[in-house]
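Both of the next two complexes hold chain A, though its partner changes from chain B to chain C.
Take a look at the complex of A and B:
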């Protein structure tokens, strides 16, 4: 191999805080060759983003960085602010995870793509704008001439990510650092963005460092991969080699936690009583520009006792609206929802509490769905007290029982959400839902904010609950592999309609509709 | 844009209707007889009755309100009992003084707020930030009337640099006469705004798009001016709008201390003299100006932020 473009040697990063020093990255060394794509994989807090930001000197002032970072024989750590500024955006640039927050909401996108051209190449604003249009065309944003005057809020998540990539490659850099560039995006959009990165790599000989928590994503596009944990590189090498013969136990665990590799056997539903019968639901919302927007269109589905129904589709396809209708939080315009043959919509504007208790929900963001001032005990005890489900003397006992059910150690009872990990918070959320002794649990993307190893644990927990308690589950997810391994039935949503439904084995093995096929093809797998 | 502004102006009508009812209710609900007030305690019952008849106070309430509204639509706010002059004329006569004072305050406040806010935010935690924050607290805690009296004493009476009262003549005269009043009000406003702007700037300095801008190799000064300041200006602009509406009605104390013939003084005298039609007219005028200033603030916000719809 020729001389590497980027050489990182013994990189150490620590953060000073009031509590002392935290070592975020230890002794990390790696090379990136010209035209190479390397992946850095690890869970949250593993130091992968910090390493990436250290390269461009984008860490906060409380960070102290040591080691060597050489970009074409220049030590980036030795540069002053002005020297770094000349490198940033011109030689090395970066794309970030959340495109919505990383674009200035008050500036038209054309201007945001033009900025680096104006500052690095002394282009006049009009020249820069012309070049920006070209860049936007290159990242396959449709109608770039008109779009340059749009503001970020007028674009979809995928389009915003394309804009950010266009700004990053505006000056034709040699190296692109991509920090979780597809994590906030739908799976089909993710596939297209990865494709774009790959084609930029091939056309411009652009080297890419792709940081991701998702090994499958990295496996799709990267030549080499580094696995990080607790700030250190635990394994590195050729992508295929790392995936097929992982050496380090952590890498092995990471690979086993992939939904496609998970070996869970969903219990077979023996009871065939219909639990939930949703028939011909229409839901309309008033749209901001006036008029109405149809969120659900003639949606019907049946869930039998003990079954697990996967609901898949892209964001905005109506998955969560369906959950809210079944919870009785959104009143449909027409249609009916029956739980055990009894309509939940009968009572006008008043929720029937006895029905509500039977349907419980667990939410996507484990931190946001818990009251930050409530301890674990208070969170789980609240519904028990409010609904007088157990006598006061038995309250402690019941809370302990519920915590045991979700495998939470009883010593955590007095902790607040901020003192818990994401996975622990999600267990509290599940325990709170189980407190009502529900027949139906709605799980709305409950693992998408969690690391993949934690996700595997939560799925195993849900599976055990189904087995032991005959719990029926509506499992909303954008992850088809997860649905494939956890659910019996599946419905595929597109723009508020069910486009395909049936047994998981049928729909996901031999999809009939092109949309389902596209969804399936977009899923990165190992 | 014009259509939207027109639409927003249309929304003002119900607001004004509500306010007209409240201000009309003032007369009905206040104790004492306006006619008796005008004529004094020694007037005969017959004389009072005659005045009541002339003022229409003996008619049914609804009819009184009908008449009031009819006049209002024609721009007639009634006649002042004290000044024997139409209220609308009176307001027009006193408005320029308060308007001048308000503009004076704005001209003093805006540049200083921006300057101090930026200085504090960019030097967060250093001595200059501490100094600005401490003087801010001092400025906010000093009562406006006390400060006004203090400054009057020192700069006008002792040193004789500024006039003790009045509005002066000519533009320079106005500037000279209203300097101390404008400073007194600004000393209260600036700290509030600086604190707000400083907090907004500090928040925006940590925004993701700032890191992204840095990763593009943009100079720090440019990022601050073009991205951070613009985003941070929105909350401060809205607070400023609220403070200006307060200023229009809230200059009473300053106007009284410095004896400036503005709307505040007019209102004060009207309340003392139970000059009901003036109170009514001014209430309506204050409400109207509040709505207009809010509209202007919203329009400015929409101009800066494309996400805001009027």
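Take a look at the complex of A and C:
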């Protein structure tokens, strides 16, 4: 390999705070060659984003950085603000996770893409706009001539990310830093954005540093991979080598936790009674611009006792709305929901405890789903106390039993959600739902905010609960591989309709509909 | 516990506590009678027998300042508590349920806010007749709108939080969810605002006393005392100065508490 484009040597970053100093990055060294794509993988708090931001001096004031970061023989750490400004956007540019919050909502996208050209290359506004259209075409935004006058809110998430990439490559930088560029996007969009990065790399010899929590994403496009944990690089090397013969135990655990590597549980017998029967549900919401929007269109499905039903689809496809209809949080326009042959839609309105107890839900966001002022004990004890499910003398015992059931250490009982990790919060949420002793548990994207190793633990917990308690589960997820390893049946949602349904093995091995096929092909796997 | 309080909270609480003690112990702090007229010793400067001098009818200013604390603290607490209870209850239910009740209540809020605050209070007091009880009634009728609007905005956010949805799926009744889950998570800005509001109420009460619509003479009240001294301000500054200083120090104490609470609750939330 010739002289590397970027050389990072012994990078150390620590943050000062009132509680003392936290070391975010320790002794990190790596380099990026011309035209190379390297991936940095790690879970939240591993220091991957911090390392990436340190390269462009984007860390907050409280950070102290030491080591060397050389970009074509220039030490970036030695530069003052003005010097950095000249590098940023021209030689090294960056793409962020959330395109919605990193584009200026009041600025037409053409102006946002041409801005760096005007600042760095003294282009006139008209020249810059022409060049911007060219860049937008390169990132495969359709009709760039018309789109330049659009504002960010008129574009979809994927389109916004393309615009951000166009702005980042506007001045023809040598190095692109991409910090979780596809995490906020749907899986089909993610696949196209990754393809785009790959083609920009091939056509322009653009070097890319791709930061991601998802090993599968990195494996798809990167030549080399660095695995980070607790601020240190634990393993690095050629992508294939790292994935097929991981040396470090943490890397091995990371690979084992991939949903595609999980063991597939044998399906339950299908001759059990029907537990939940959802028939012809229509849901309409008033849209902000007037008129109505159909969130669910003639949705019907059946769940047998003890079964686990996967509900997959992209964001906005109506998966969560379905869960909320079953839970009685959203009233359908028409249709019926029957539990063991009895309609539950009417009973919901009267807070019928017999229905409430049978169907329980666990929510997506681990921190938002627990009352921040309640301790773990109070959260789990509340439904027990309120509905007098156990005598007062047995309350402590039952709470301890539930905590044990979800594998929560009893020492955590007095903690508030802010003092728990995301995975622990989700366990509390599950324990709270189990307090009602439900027959059906609806899990709405419960692992999407968790790290992959924690996700594997939560899935294992759900599997155990299914076996031990005969719990039926509706498992809502955008992740098809996860559904494959956990569910017996699956329904695929697209814009409020069920496009395909059936046994997991059938639907996911031999999808009939083109949409399901596209979804499956988009999922990065190892 | 106090060790974890921010400095401003400790300082503010200290000042307010001193005033509370002064109000409770007023008869023991000073031997004089706040209403005793002594025409031989009018407008005596501070010093000697009179720590803060005497006013135009020879009453001891120090005694009156201390006794006035009772009235002013009572006015501050009641003048905040009444609108707070009304506003928070209305705001909670309006924000949580929405619909017609919300629309009607918020239009009333809009109409009330269209009038200048003090003018509206003045008009109601003028209608009901001067006096401290009527002042508190007027405040309750006008000031609840700020509390209602403030808490409603937070309720609209919190009611969509997943823990509130979770409480609904657990089969809890709406009043229970509102008071157990929504209220505790929306009350912090209200408490902070109430502290700042108490400053305004005490000052508004003093202003009303100043123009004769508040506390009636000869009752000692800081605003009314400042008004009494107005005519002699060039020859006997102390008659107005000391009650003014009392009002200002009490106000600063409350502001510091408000500031400190805001800081502490914000840290507690993260």
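Some observations on this one:
Criterion: the second predicted complex is superposed on the first by the 514 of 526 C-alpha atoms of A that agree within 3 Å, B and C clash if a C-alpha of one lies under 4 Å from a C-alpha of the other, contacts with A are read in each partner's own complex, and residues count from 1 in each chain.
Quick note on the criterion: a contact is a pair of C-beta atoms (placed from the backbone, for glycine too) under 8 Å apart; a residue touches a chain by one contact, two chains touch by 3 or more.
From a predicted model like this one, the values you see are computed outputs, not experimental measurements.
With the two structures aligned on chain A, chain B fits next to chain C without clashing.
Contacts of A:54 after superposition on the shared chain: neither chain B nor chain C is touched.
In the superposed pair of complexes, A:120 makes contact with chain B only, with no contact to chain C.
Once the two complexes are laid over each other on the shared chain, residue contacts for A:371 go to chain C alone; chain B is not touched. Contacts of A:191 after superposition: neither chain B nor chain C is touched. In the superposition on chain A, no contact is made by A:24 with either chain B or chain C. Within the superposed three-chain model, A:98 lies in touch with chain B and out of touch with chain C [touch as defined at top]. Judged by the touch definition given at the top, the superposed model places A:356 against chain C, while chain B stays out of reach. In the superposition on chain A, A:281 contacts neither chain B nor chain C. Of the two partner chains placed by superposition, only chain B is touched by A:86; chain C is not.
Between chain B and chain C, an angle of 30 degrees opens at the CA centre of chain A in the superposed model, to the nearest 10. Once both structures are overlaid on their shared chain A, chain B and chain C have a minimum Cα-Cα separation of 5 Å.
When both complexes are aligned on chain A by C-alpha atoms, no chain A residue touches chain B in the first and chain C in the second.
Contact residues on chain A toward chain B in their complex (touch as defined above): 53, 56, 58, 81, 85-90, 93-94, 96, 98, 101-107, 115-116, 119-120, 151, 153, 164, 167-168, 170, 288.
Here chain A touches chain C in the complex through residues 324, 327-329, 351-353, 356-357, 359-361, 363-365, 368-373, 382-383, 386-387, 418, 429, 432, 436, going by the rule given at the top.
On the chain B side of its complex with chain A, the touching residues are 207-209, 211-220, 222, 226-227, 230-231, 304-307, 309. By the touch criterion stated above, chain C contacts chain A in their complex at residues 161-163, 165-173, 176, 180-181, 184-185, 269-270.
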